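As structure tokens, here come the structures.
Both of the next two complexes hold chain A, though its partner changes from chain B to chain C.
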Partner chain A sequence: MPVESGSARRSVAAPWMFQAAMGLPGAFVTLVFILFALALVLFLALRGNDGSLLGQGFTLANFEALVTDPLYAMVMARSLVIAGIVTLATVVTAYPVAWYLAFHAGRRRSLILFLVTLPFWTSYLLRVFAWRIILAYNGVLNSALIGLGIIDQPLTLFINSPAAVVITLAHAYAPFAILPIYVALEAIPPSLKEAAADLGAKPFATFRRVILPLSMPGVMAGAVVVFVPTVGDYVTPALVGGPASTMIGSLIQSSFGKANDWPFGAALAVAVMAVILLVGLVTRSVNRRAGGIA
Partner chain B sequence: MSIKDFSTRLPTALAAAVSLCAMVAAAPAGAADKLTYFTWSGYELPDFHKSFTAAHPDSVEISTFGDDDDAFTKVKAGFHPDLAHPCYDKIARWNKEGLLEPIDTAKIKNWEKIFPVFRNLPDIQAGDGKVWMVPWDWGNTSILYRTDLVSNPEKSWNLLWDPQYAGRMATIDAVHDTPVVAALVAGVNPFDMSPAELDKVAEKLREQRPLLSSYTTDMTSVEQALTSGELVAAMTWNASAVALKKQGVPVEFMKPKEGMLTWACGFVMLKGTTHQDLAYDFINSRLEADSGKALIESYGYGASTSSAFAAAPPADLKALELPDDPDTVLKSTVFTGPMKQNDELSKMFEKVKAGG
Partner chain C sequence: MTQRATASGGWLGPYVIAYLVFLYLPVALIVLFSFNDAVQAAFPLKGFTLSWYEALLANETLRGALMNSVGIGLTVSLVATVCGVTISYLEIHGRSRFATLVSAVARLPLLIPGVVIGIALLILVNLSGLGPSRLSIVIGHVLVALPATVIVLRGRFQAIPRSIAEAAEDLGAHDGVVFRRVMLPLALPAVASAAMLAFLTSFDEFIVAFFLAGTEPTLPLYIWSQLRFPKSLPMVMALGSAILAFSILLAGAAEVLRRHSPGRGPA
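Then we have the complex of A and B:
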């Protein structure tokens, strides 16, 4: 911290105290709710299950079961694939919205930003149920398809399928992708577009060579914000997923619930954290190699 | 924000979320001067404890669960209601964890009116005129199917394994339902099985999984899906049969040759309750003939007392196929008692559901 010379003692002490006071809540939250909780999960993951709250003894059996039983790798892979598709779908659909917001919305910008955040005015659960109404057997989509004469029997493949999970999650997380991409696009100086046009670049070339690379940090930030929570989601698969879309979050939830094996649930949680960390690191290095800024 | 920020904060944020969930589950319930009651969803109706409400207006706080194994872990994690409502097969498990307070039958006015078959259940005896659970309700689990979409099925649980109805069936997401039935179909004793027999049950459940549209405890959704024809058959409790017949949906509650499942549930008092008097008043109110009659008429479940059956019109009981003596029912059904391998079974069931 730079110390200003010549001023009174008070004004040297005050910034220090101010900073400490400002940092205190954050430090408290970090220590108690994050580091302590994380340590507790790690501790629990190494315990044996005897049905009691914190388990007994120390063992690596939980991790052994995770590695040796192919079920867990399969469910983890399924979660990564579902979250990956959700992320891709969200970013691809969010980009044009962010583009329009940044370059063409003009006076309507704040109205559109408001509309983008509108889904957050209702609870997440209600949004999932809304999709159930749309995708159900006698729901909006099936009725529309029958009305249009495309099918004559309602299809059962919309609801209780991994596709339903992808659609629901992609809708729920759209604003998380739109906002960072919008911010990144907004920050690009208009002069760059003009310069590209002056040098003879067609609009698509400008987009591919100038705009897209410069907005990549926003895209990556949006992708991470969507990907990470969706990997661990368990509410959506439970409500619209059916048996074929059990995700790793569902397994963690059931370990802490019905299966009554908290240490194993903790081990699963640790494994998920490790996998997400790995995915994060790989993404970062790929992004670096590709010349991205982030 | 840069990626670096995210990748360093992610694991911690995730852990925080997990522990936050645990903390929410552990949060103490309700106001201090109210009785807290933790029960199956649907069992909170005010009609079931009218006299309690008259004597103590606005003094019960009710939270609900969809499965009593979930309820068990919630209580184990620190949620301390005064009264809870698990089923008989779970009592030994709750007791082993030291969660229960014995209930003095001398303070239960209608104790003698409870059918002896429930009063004498072995796991509820706490000795010295005390019990761990006061039985309140009983009912059956079977297959509810659309008579117009499933024509003349063999009367067997095997219907839920019939590939011609793939994707149009559902079962109950609870250990004392789906795995018990799988054991019956596999010819294994559901209540005590060897590891080899457990594998047999797992095999049966694996065979069923691809045929199901869902495992659920959300009976409203199941009833809606049966009404719309999305589901043609589902494992349900008899309340769903009563509800759909009332709506005129062509359904039948099967009497499988392997036997329906019959369950009994009741009130337990949790250790450390500070509202003992209110709790006894509440239990007494629920054991009145009127309350039991309301249970019979709203859901078609059996009340635990003979006085409730005496209060219900015989024509109603006939329509509900509810004999006024549970012993008659139990002759042809399988009573879900405690399962020795409950933990192993539930862990296996969770794995099978996930595709393992």
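Then we have the complex of A and C:
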């Protein structure tokens, strides 16, 4: 094949240049903005607070304070419980919707998918704030209950409670769990359901032994996209939770704000990441073991 | 595909309706009270008014915040899409271990709460001298949007048969041409989805932007600043309703386009 010398030289140089040009943006963003920034957090967590940007000296005092003061263990436990309940509630309530979408929706499927994803397009702050309007002392729920003659004084028990945080977060993140579960259910060949039925499995047994295990990757993906943002949320506790619902995200936020103790805030952030890693590893191993039995 | 859908879902149909009501009820209340002639959001309703929407149109600070959010959103959309395309393309077609690693790290922010991304970048931008600014918010939002763009585009590049790229190579196209003339056009619907997803993510993002904002707020930051003042709540609700109406229009238009476009890909 006759090849012109100029283009031959170019085809030698081009692959290297092409790879470099293509690789540069991704490498820069991931190495500098993700890995280096996370390394900075870890570094700062090991420094003492002297008001300067990177602190001074090397110390484990931040982590010691985290471990010895029971307040932090309590806030961390509360964050985990709240995020855990929210994750469980969103996944369990989303599953039937995903099921309906995958197996029964028919021509209505795209309409329902559209309706389920639309809240993605509305402001997260306003979705949270809507619950403040509903639950507030002079809010929608109290005024409606008074209007209906059920109570005569506004109740204080709705707003500023951990329960308010749970319901608000469960609502704000509700649609996030549907899509991954739907995608997983969609991918299951209908022949497997028919085969289970032919072998005499009742519908519930088919669900428990065939469909549920096969949809577990979707369930896990849905759980991750709900759990991670909720465990670090500081907006919802601030808007509807009150002081009794302070979460770990609220503490990190105030460490970098009012409290102005960046190294300690960094240590809190490291602790959150460690907890997420731990929860991830535990669920994965439990999931594997369950998958092995089924 | 639709053949195996059955008409009746038993209790599932009513359940889905109840679920959608739960999903939309709080949002509907915001719309309802944005037309209510009272500062307090409570029953009974006091009468119909458009004054909160008039206040919205007259608000200069709000317009500035809106323009900020749109500008940041468009920049984020461009940067995140370019990164998403290159990262996922190199992972699928470059076959290098480094490309696989970069792709894995690019999806890492999915496992990091926004508050941690926010403080990590706050330390970084202060260290680099950039400081909190619009550019800092762009960086933060690119990180938040990157996992979704990489996941969408990776799925698309994986779905394109390898034989197409190999055929182009056999016909003498070198890497750059294969990418530009063959693979990128084939992935275009997914590129558009990724760009839109990145814009929407940025437009609504508050948690990371809170740490990285300088003197010029984005729309969510402006909303946050107004939530403290009971008097401005009706206007904030009018703003929320306007955003919702605009979103429905945009999402509806995107849906119509998707259905009527010939050769739509799984995007």
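Convention: the second predicted complex is superposed on the first by the 256 of 294 C-alpha atoms of A that agree within 3 Å, B and C clash if a C-alpha of one lies under 4 Å from a C-alpha of the other, contacts with A are read in each partner's own complex, and residues count from 1 in each chain.
Note that in this section a residue touches a chain if its C-beta (ideal position, glycine included) is under 8 Å from a C-beta of that chain, and two chains touch if they have at least 3 such contacts.
Keep in mind that this is a model prediction, so the values were computed, not measured.
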{"item": "Which of chain B and chain C A:Ile34 touches, first, second, both or neither", "value": "both"}
{"item": "Touched partner set for A:Asn260, first chain B, second chain C, both or neither", "value": "first"}
{"item": "Partner chain in contact with A:Val272 - chain B first, chain C second, else both or neither", "value": "both"}
{"item": "Which superposed partner A:Leu60 touches (first chain B, second chain C, both, neither)", "value": "neither"}
{"item": "Touching partner for A:Gly232 - first (chain B), second (chain C), both, neither", "value": "both"}
{"item": "Partner chain(s) touched by A:Val286 [first = chain B, second = chain C, both, neither]", "value": "neither"}
{"item": "Touched partner set for A:Ile252, first chain B, second chain C, both or neither", "value": "both"}
{"item": "Chain A residues touched - chain C or chain B, whichever exceeds", "value": "C"}
{"item": "Which superposed partner A:Val81 touches (first chain B, second chain C, both, neither)", "value": "neither"}
{"item": "Which of chain B and chain C A:Pro243 touches, first, second, both or neither", "value": "first"}
{"item": "Those residues of chain A which chain B touches in one complex and chain C touches in the other", "value": "30, 33-35, 37-38, 40-41, 53, 136, 138, 224-225, 228, 232, 252, 256, 269, 272-273, 276, 280"}
{"item": "In the complex, chain A residues that touch chain B", "value": "30, 33-35, 37-38, 40-41, 51-53, 69-71, 74-75, 78, 136-138, 154, 156, 159-160, 180, 217, 220-221, 224-225, 228, 232, 242-244, 246, 250-252, 254-261, 269, 272-273, 276-277, 280-281, 283-284, 287, 294"}
{"item": "Complex contacts: residues of chain C adjacent to chain A", "value": "2, 4-9, 12-13, 15-16, 19-20, 22-24, 26-27, 29-30, 33, 40-44, 79, 82-83, 86-87, 89-90, 94, 98-99, 102-103, 105-106, 108-116, 119-124, 126-127, 139, 142-143, 146, 174-176, 179, 200, 204, 206-207, 210-211, 220, 223-224, 227, 236-237, 240, 243-244, 247-248, 250-252, 255, 259"}
{"item": "Sites on chain B touched by chain A in the complex", "value": "1-4, 6-7, 10-22, 67, 69-70, 72-73, 76-77, 96-97, 167-168, 174-175, 209-210, 212-215, 225, 228-230, 343, 346-347, 349-351, 353-356"}
{"item": "Chain A to chain C touching residues, read off their complex", "value": "10-11, 14-15, 18-19, 22-27, 29-38, 40-41, 44, 53-54, 93, 96-97, 99-100, 103-107, 109-110, 112, 114-127, 129-131, 133-134, 136, 138-140, 142-144, 147, 171, 174-175, 190, 224-225, 228-229, 231-235, 239, 249, 252-253, 256, 262, 265-266, 269, 272-273, 276, 280"}
